[in-house]
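Here come two complexes built around subunit A, the first alongside subunit B, the second alongside subunit C.
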Partner chain A sequence: MLRKIASSYLLRRVAKALITIFVMASLTFFLIRLMPGSPVEAYIANLVTQYNVSYENAKQQAASLFSLDLNAPVYQQYLEYLGNLARGDLGESLISRGVPVSEIVLAYLPWTLFSIGTALIISFSLGIMLGMLMAYKRETKLDHILTNLGSIVSSVPDYLMGILILVWVGVQWELIDITNMRGSLSPGIQPGFNLTFIGDAFYHASLPIITYVLGTIGLWMLTMRGSTESTLGEDYVTVAKARGLKERRIATAYVGRNAALPPFTQLSISIALVFGGSLLIEWLFVYEGLGYLLYNAIQQRDYPVMQGVFLMITTMVIVANLLADLLYSRLDPRIRVAGRD
Partner chain B sequence: MAATTGESRYRDSAVGRVLAWFISTLKLMARNRVGFAGFLVVSTIVLVTFIGPVFLPSEVPVNVNEIYETPSLSHPLGTDSEGKDVLLQVINGGRPILTIGFLAAAISTTIAVTLGSLGGFVGGRVDTGFTWLADMVLTIPQLPLLAVLAGILRLNSKIAVAGLIGLLFWPTLMRAIRAQVLSLKERDYVESARALGLGTPHIVFREIAPNMAGYIAINFTLAVTSSMYAVVGLTLLGLVPLSEENWGVMINLAWTRGAIFSKDSVFYIMSPIAAIALFQLGLVAMNRSLSEIFDPRLRRGA
Partner chain C sequence: MEGRADVLSVRELEIGYETGRGLVRAVRGVSFDLGDDESLAFIGESGSGKTTLGLSLVRLLPQNASIAKGEIAFRAASEEVLDLTTLDDEDLRRFRWEECAMVFQSALNALNPVMRIRDHFADTAKDHSETNGSLKGRALTERATECLEMVQLDPGRVLGSFPHELSGGMRQRVMIALGLLLNPRVLILDEPTTALDVLTQRAIIEVLRTLKVEHRFAMIFVSHDLSLAAELADRVATTYAGRIVELGEVEQIFYHPRHPYTVGLLDAVPTLAGGQQELSSIPGSPPDLIDLPTGCKFHPRCPYATDKCREEDPPLIEVAPAQTAACWHWEKVGSDWEARGGEIHERDANRA
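And then the complex of A and B:
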């Protein structure tokens, strides 16, 4: 069985993803439960001193909120926590009493996935095309301008570029109505498969998407420029030229496909960064996704929600990484073989 | 690359040797114009923010009669919502951010170099274990984790913040170092050190690591930029309660006091942003010079 897992790239990759999720889930459990002055203890102490609840009662309330059995030994609590997690039970919110955390998290999740997914697709394809263009026109004015732009946008933090958009485009030049663009949908718009809904969703997500694109595109432009330049020197490109193939066909089928591999490997690192950065970007534009929810949960000390959002973001990053890796192993068969020790 | 340019009269004393090394490095830096400009920006910002506060009042005076003033001779960058001089705040506010950035970068670089060289050199289970660890840490969304930690623990010491950031930002560099070591360890001088029976620590830290010095230096500057991304982000959200004035706190205050949405306060909000952006750009530009210094093959292109 183990041998079978070790020999299949897919199974090995999935096992690794599951173990990472498990480690992160354990880490959050011990942080919430075992740290000195942990949220559970703080919550009990607060009930006892502020609301004059008896210690036993307070403990029971805390137990139901965090969905933990506080009288059981720690390892048993830990196992129960993992069991609950596997069933999708993350406890209840401390602020919105009685609302399951999983329900809250699932309501905010689609917006983050939508904005980040769109942004990554736009940024990756645009970055690759620009990078190729730069390599084909290397040492021209266009190449120098794009190279400098690329390194500028990739070295300035994305949230600062977001603030710049707000300050200049929104406030100083008044080109857009930033208060209207807040939130994930305009009031009164019902989700559905129609043009008004889709248009409105893009309208509200546009500023976060632009910021994510600005923050990530530089990396792909520069990597793609480099890899295209080295691919252009490969023998098979020379041969393709000698065979008299059309320039366009060489660029797409011979150069582009091979040169796009190095930027693709950067995708998995970017996914974690962009998901992490959504905390700041969504806070900045008041876009109601997971990052925004996490910020509010931290401000209100709503620990179960904090834990739930964090685990959800981590899981999303791990799943996205898994998909990127599997896609990469489709694109580049060498990986499936070489990854085997 | 030390005293090759023949400042022989300095060579007698230790100070002289350092000076000679410094001058020759500067000359190498100046070969690449963009890189040298970056170096000048970075060193100016470091000097001004670390030495400037010594000559300035530590508390910027409040003046309610001069709120959101536009730049003038007495306030070159205008004033904030309390009539405090913005320029003084920018000068005072760099040190905390830069300190955490450099400290965190030092921590993550140390971890990356140690694990990367050991893993790459020793190989086998150790290597597999370290690589796994790196892969795992790499998939952690760093900013949310730091934010959650800041929400649970109280992060009010600079060292704690720098330590946490350092612990999360090492994997990319570690993987790169590992790859370098894998190629370096086949070189002749490493083989002969091994044949001489010099131990693993000696080979890793005396033979292999020095040959990656340039690579490490470049990645150290990149680590500074990503650590600063995290620190400024966290202070911006108000999650790191650093009491002193700093660039992140300035932007945070601009946000909470609504300065971002007021047309008059553009100099106040732009000043810390410009400071951070200039420093980050300077570091990245400086790397062009650094990579030329450490890889002479690149010099012709300058």
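And then the complex of A and C:
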């Protein structure tokens, strides 16, 4: 069985992702539980002093909220925590009493996934197309302009980009109505598979999406430009010309297909960066995704929710990386056979 | 040659590379004809313009190279004579591979790494479907199978493979098979065995020899490997500093060379039979193609050089029926060679 897992790239990769999530969950647990002045202790102390609850009662309340048994030894608490986690039980929110954390997190998650996913798809496809164009038109005016634009946008941090958009486009030039664009949906719009809903979702997500696109597109453009240029010098491209293939076919299946591999490997790294950046961006644009949720949770010291968001974000990053890796192994047949690691 | 229909005639071809140092004259006044089912080998050292010549026949010269003058006339399957130097892009695209296929020196990297071999065949057939009729599905598989069998590969295994799953020799054979797909009139092979180990080289030579016997199409070899030329060529052209210095039937070139450069090349190859004969290399190195010597370009390295050689570049002189050599002293070169006894080079005859 183990040998079978080891021999299959897919299984190996999935196992690795699961292990990473497990390590991550454990770290989150120990951080919250064992840090000096841990949130649990702080919460208990808060209850005792503020509401004059007895220490025992406070402790019980804390235990139920964090879904932890605070009397048990740490390893037992840890096992219980893992058990709960496996059932998807992340405890309950401190602020919205009785609402499971998982429910809250899952309500905010789709918006983050939607905005980041859309942004990465747009930015990656646009970026590699522009990169290819630059390589085909290298040393022309167009190439110089795009190369400079690419380096400029990729060197500005995404939150700064967000602030610039907000301040210039929104406040100073008043080109867009930033107050109305807040939130993830306009009031009264019901989720459903119709144009009004989809249009409204895109309307509200547009500023975060533009920010993510601007923050990442420079990287794809510059990487793709470089890799296209070297691919153009490959023998199989010359041979494809000698074979009398049409320019279009050569540009897509021979040049583009191979040149897109290096930028694609950067996608994995980029996913984590964009997820991390989304915490600030969503707060900035008041977009109701995980980042926004986390910001509020931090403000209100809602520890279980914070823990839930952290876990969810890391899980998403790991899953996205896994998907990117699996997709890469489909794109490059050489990986499939040789395996990696 | 007489009575033979020529598929390709090259006249006074001049090709130069524009470089920072000046114009590199890679091909200078080359003229030759290629018969319908003839195989012609261009042999010479690296940098003698052989590859440039090969590339110019499919108009795949690098950006900085241009055909300064001369003409390349190609008699297509339709009997129409195409002037390759003036062909427009679309006609040129169709000409490539349909009329003239080329197997490159760098076989290891000639196939798209993310595509299966089958798709390489499909791609080639698809983009030439206007003239060849659409070859797809079962018909394509059949034709690809046929081509792969011609080069002694197992189609069942190879068609579904990615290039990295095949060895270097197999990839080179796939390229040859791919070259045969559209039944070209001419197959150009640029150093087809160079990157391969000796055993694989032999296998490729065997494949080519079988093809040459069983299928009628013209071949041009560009190589520095004399044994390849000896085994596969009907005629051999020795090239030096961008021009043909000797051209003749394969037996004439190997047994009765009349140009000192050909003699030098032959002396640099070990023979199978004679262990006594010492190998000698040609002293000096090929000339700088930007700043060519005056007169005969070979004179700085030539033991026969005289004042006349330093002043006047010899034209190709008919030294025997169907054999020409560009040397003022061809008679002396010839008599010296015959005196030494040309039979030391008989290993090639023994093998062929």
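The rule is simple: the second predicted complex is superposed on the first by the 339 of 341 C-alpha atoms of A that agree within 3 Å, B and C clash if a C-alpha of one lies under 4 Å from a C-alpha of the other, contacts with A are read in each partner's own complex, and residues count from 1 in each chain.
What we mean here is this: contacts are C-beta pairs under 8 Å (C-beta built on N, C-alpha and C of every residue); 3 or more make two chains touch, one makes a residue touch a chain.
In this text, all values refer to a predicted model and were calculated from it rather than measured experimentally.
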item	value
Clash or fit (per the criteria above) of subunit B with subunit C on subunit A	fit
Which of subunit B and subunit C A:244 touches, first, second, both or neither	second
First (subunit B), second (subunit C), both or neither touched by A:190	neither
First, second, both or neither for A:318, with subunit B first and subunit C second	first
Subunit B versus subunit C as contact partner of A:20, first or second or both or neither	first
Which superposed partner A:52 touches (first subunit B, second subunit C, both, neither)	neither
Subunit A residues touched - subunit C or subunit B, whichever exceeds	B
Centroid geometry (CA): angle subunit B/subunit A/subunit C, rounded to a multiple of 10 degrees	80
Partner chain in contact with A:163 - subunit B first, subunit C second, else both or neither	first
CA minimum distance (subunit B, subunit C), superposed complexes, angstrom	13
Intersection of subunit A interface sets (partners subunit B, subunit C)	none
For the subunit B and subunit A complex, residues of the former touching the latter	128, 132, 135-136, 138-145, 147-153, 172, 225, 228-229, 232-233, 236-237, 239, 251, 260-263, 266, 269-270, 273, 276-277, 280-281, 283-285
Residues of subunit A that touch subunit C when the two form their complex	234-236, 238-246, 249, 253-254, 257-258, 331-334, 337
Subunit C to subunit A touching residues, read off their complex	58, 60, 93-98, 101-102, 104, 106, 109-115, 123-124, 127-128, 162, 164-165, 175, 178
Residues of subunit A defined as touching subunit B within the complex	16, 19-20, 23-24, 28, 31-32, 35, 38-39, 151-152, 154-157, 159-160, 163-164, 166-167, 171-172, 178, 268-269, 272-273, 275-277, 279-280, 283, 291, 294-295, 297-298, 301, 303, 306-307, 309-310, 313-314, 317-318, 321, 341
